[in-house]
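The structures come next, written out as structure tokens.
Note that subunit A is present in both complexes that follow, paired respectively with subunit B and with subunit C.
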Partner chain A sequence: MTRSRRIVWTRIALVAGAVGGIELMCRLEVIKPLTMIAPSQMALELGRMIATGEIIAPAAYTFMEVGAAFVVSIVAGGALGALVHALPRLRRAVDPLLASWYAVPFFVFYPLLIALFGLNALPLIAIGVIFAAPAMMLSTLAGLDLVPRVLRKVARAHRLSRLQEARLITFPSAAPYLFTGLKLAFAYSLIGIIAGEFILSSGGLGYGISYAYESFENRTMYALMLFVLLIATGVNGLLHTWDGRLARRRGIT
Partner chain B sequence: MTRLIDTIAIIAAILAIWLGLYAYAGDVAITSPWRTFAFAAELFCRRSFWDNVGATIAAFAMALLISAVAGVAFGLALGMRRFAGEVAEPVLGALYTIPKVTLYPVMLLIFGLGLSAKVAFGVIHGIIPVILFTLAAVKNVQPVLLRTARVLRLGPTETALSVLAPAVAPEIITGLRVGFALTLLGVLIGEMFASQRGLGYLIINGIEVHDVRMTTTVTLIVIVFAVAANGLMLALDRRAHRTSQM
Partner chain C sequence: MLRGVTRIYPGATPVHALGPLDLDLARGEFFSVVGPSGCGKSTLLDVLAGLSRPTAGAVSFEGSPVRGEVPDGIGVVFQEDASFPWLTVRDNIAFGLRRAGTEPGDIARRVTYAIGFMGLDDFADAYPAQLSGGMRQRVCIARTLVLQPRLILLDEPFGALDQQTRLLMGDELLRLWRETGATVLLITHALDEAALLSDRVGVMSARPGRFIDFVSTGWARGRDSRIASDPGFGAITARLWAALRPESIKAMGRQV
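Right after this comes the complex of A and B.
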């Protein structure tokens, strides 16, 4: 077995072991069913919800919001990152703000956002963007900062135009960091939007979980949590694999 | 001097946005800057406000300590064993992606209401970035440094102290900075749901009873604290990165 195979299998075994452990503890009622239902029951309930289609509407709503927030964050975050990188003066001023961004509990602004955008999906998308765009921006800045000086000199030695330099040198060199930004932006859009739905919304998966919790529907609640967990892990795993492939192609495994 | 001007310009820009929002949305959503400052001054004179600040700080300090110590320890252990690190990294990344707010019913059921739930909330938010940054720092130590250590026949302790530690310290400080912010966020969220005390409670209570003035003011205080603490750590971070590059 190759090394990477072994890593993957160990990982699978680890996760399976953890899930199996929880399953066992739930079945033996070490964990009371009132606290947590067994993972197999969560999966069954989730399967039922998918089969009957009752999960489709909230899931589609949430995906639409996350997708919109993700795209806006990538474009705006990347552009702002490049802009701020080009203006060191502006950067020095906004740096402390950017870096403390995630300490601010933004969903307290939700009532304000509703007043601004109206009672629809827009305030939640805005929260997703507020969460995700700075991550993309910070990654862009990091990527641009870490372009090796020698590459810049190569660009100058070859008399590349600014556009050529950006396309041939800066972008490929910063690409891994930009990809990290992409990963983070997805994570943060999802976190921001589900959290927003959870606290102050009337639709989507987050709202479904909070509603189920308040009406003591443990089965629904855990099935929805499992669904969110699977989506988050699934997309993240996909991006991770892709990331690894990009890194290997560049020979920085 | 330019720094001072920068700072003033940023504060002016924020105030302008704030005033714009206030003009657009009005008293239902946000209070004007001046009324907010006045109310902040009023809050600072209240005993009960400081009780809430104390509750938040106690929970935050405990959560931060756990996140930092356990996070760095896990990160170092995973970073030094390549195999374990590669097994764990995507799992940690996935955990980082989970919207942890959705886990709050589970946390409440496990920890009950009160301090331990708040601390647990802070830790689950803050610990993973600390682990990930530490892990990446150890993993990305330039091989040439370790080879130099071997050429110089340094023992494991000497290698760790005089080569590894200075090489990874800057990234770990960055990790701690991110962890600091997220722990604070986690504690505040914990207070919003799982507590009857603390600044997070004041905010959510303000939302629930529609006390816009309280919500806006406490939010402002939290933001000012977070930005100030972070500015301090950023300076430390910069210095560490600068010295390590020489």
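Right after this comes the complex of A and C.
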């Protein structure tokens, strides 16, 4: 067995062991059912919610918000990253703001966002964008910074226009970093929106978890939490696999 | 080709990097440039290629002025690894041909020939990350040569390679030069490489770089690295070093 395969199996064994341990403690009521239900019960309840279609409406609402925040973050973050990269003076002004961005508790602006956008999905999408766009912007800046100067010279030696250079050399060269931006933007969009739905929302998975918590509906709450975890892990796993494949092709370890 | 060319990098303390210098290259000539570190060899190549504008003086290629754009017919190979890591060897080599709108059949034929010529047959569909440094440099050379440039500018293309590989790559370069009939300008820091490959070697002074000597080697066109055992090889290398030594000492900041 190769070293990397051993690491993967160790990782799987750790997660399976933790889940199995929780299952055992729940079954033996070391952990009381009012505190947590067994993982197998979470899975059964989630299966039931999927089968009855109960989960479709909150999941669709959340995915719509996450999708919108993700797309806006990618487009705006990527464009702003490229703009700031092209303007060194602006870069010097913006760098400290970006470095301290995640130290700001943006949820405190939620009432302001409601006042601006109204009581609908837009404030939540805005929260998602506020979280995710800077990650995309930082990744874009990192990617553009690391395009080797010699490749720009190659572009000129091949008499490429600026647009051709961007399309054929700059973008593919920066792609691994942009891909990291995509991964982070998805994670931050999801975190921002689920957390936002907890605070004030009338729909979505975050709202569903919060509502179930306040109503002592443990089975629903844990089933929804499991669903969010599975989605986040699944999407990140897919992106990670794709990213790894691209990185290996380029000799990036 | 170069007349009174000077290059000064502006700034709080302007850096006079090059010149004034004049240079004429004969069609089909293999010309090398040697000089101390930081003497402006790469600046010279950039100016000659049109990648950088001279502060003063004129650059021309085949009678047409070169003004901040690389003219058609000039191919450049850089010192650093300039292969595209996201493309296979085949696609790397085909890059310029596709941009030039060459017929797909012609692209396939020329790329296949270049892959074979460069000894990359077993790696045609590999990515640069799967190749050694020398093989990647061969990809970059092939990418330039498939465009059939009439003037090939090489900026220390073998700088990162070990001595044996450099000698063999030098042989390959000579073979390419003979087959294509192109004019070659090679920037190198290795005196033996310059003495071995060139028809003529230009020796540059410490910064600001100017030509202080031109050494004609008198080698036959069908030469290869075995001429290293020719007594004339040692004499040429000695002459290059005699011209270069005081300049290298200057460049190191010591008294001559």
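Convention: the second predicted complex is superposed on the first by the 234 of 253 C-alpha atoms of A that agree within 3 Å, B and C clash if a C-alpha of one lies under 4 Å from a C-alpha of the other, contacts with A are read in each partner's own complex, and residues count from 1 in each chain.
FYI, a contact is a pair of C-beta atoms (placed from the backbone, for glycine too) under 8 Å apart; a residue touches a chain by one contact, two chains touch by 3 or more.
Only a predicted model underlies this, so the values are computations on that prediction, with no experimental measurement involved.
After overlaying the two complexes on the shared chain, residue contacts for A:95 are found with subunit B alone; subunit C is out of touch. When the two complexes are overlaid on their common chain A, residue A:229 makes contact with subunit B while staying clear of subunit C.
In the superposition on chain A, A:154 makes contact with subunit C only, not with subunit B. When the two complexes are overlaid on their common chain A, residue A:7 makes contact with subunit B while staying clear of subunit C. By the touch criterion defined above, A:104 reaches subunit B but does not reach subunit C. In the superposed model, A:71 makes contact with neither subunit B nor subunit C.
By the document's definition of touching, of the two partners only subunit B reaches A:240; subunit C does not. Among subunit B and subunit C, the chain that touches a larger number of residues in subunit A is B.
Contact with subunit C, but none with subunit B, is seen for A:169 once the two complexes are overlaid on the shared chain. Common to the subunit B and subunit C interfaces on subunit A is no residue.
Interface residues of subunit C, counted against subunit A in their complex, comprise 49, 51, 69-70, 72, 74-76, 78, 80-82, 84-86, 95-96, 99, 127-130, 144. Against subunit B, in their complex, subunit A makes its touches with residues 6-7, 10-11, 14-15, 34-36, 89, 92-97, 99-105, 108-109, 111-112, 114-116, 183, 186-187, 190-191, 194-195, 198-200, 206, 209, 213, 221, 225, 228-229, 232-233, 235-237, 240. Considering their complex, residues 2-3, 6-7, 9-10, 21, 24-26, 28-30, 83, 86-88, 90-91, 93-94, 96-103, 105-106, 109-110, 177-178, 180-182, 184-185, 188-189, 192, 200, 203, 207, 212, 215, 219, 222-223, 226-227, 229-231, 234 of subunit B touch subunit A. Taken in their complex, subunit A has these residues touching subunit C: 148, 150-151, 153-154, 156-160, 164, 168-169, 172-173, 175, 248-252.
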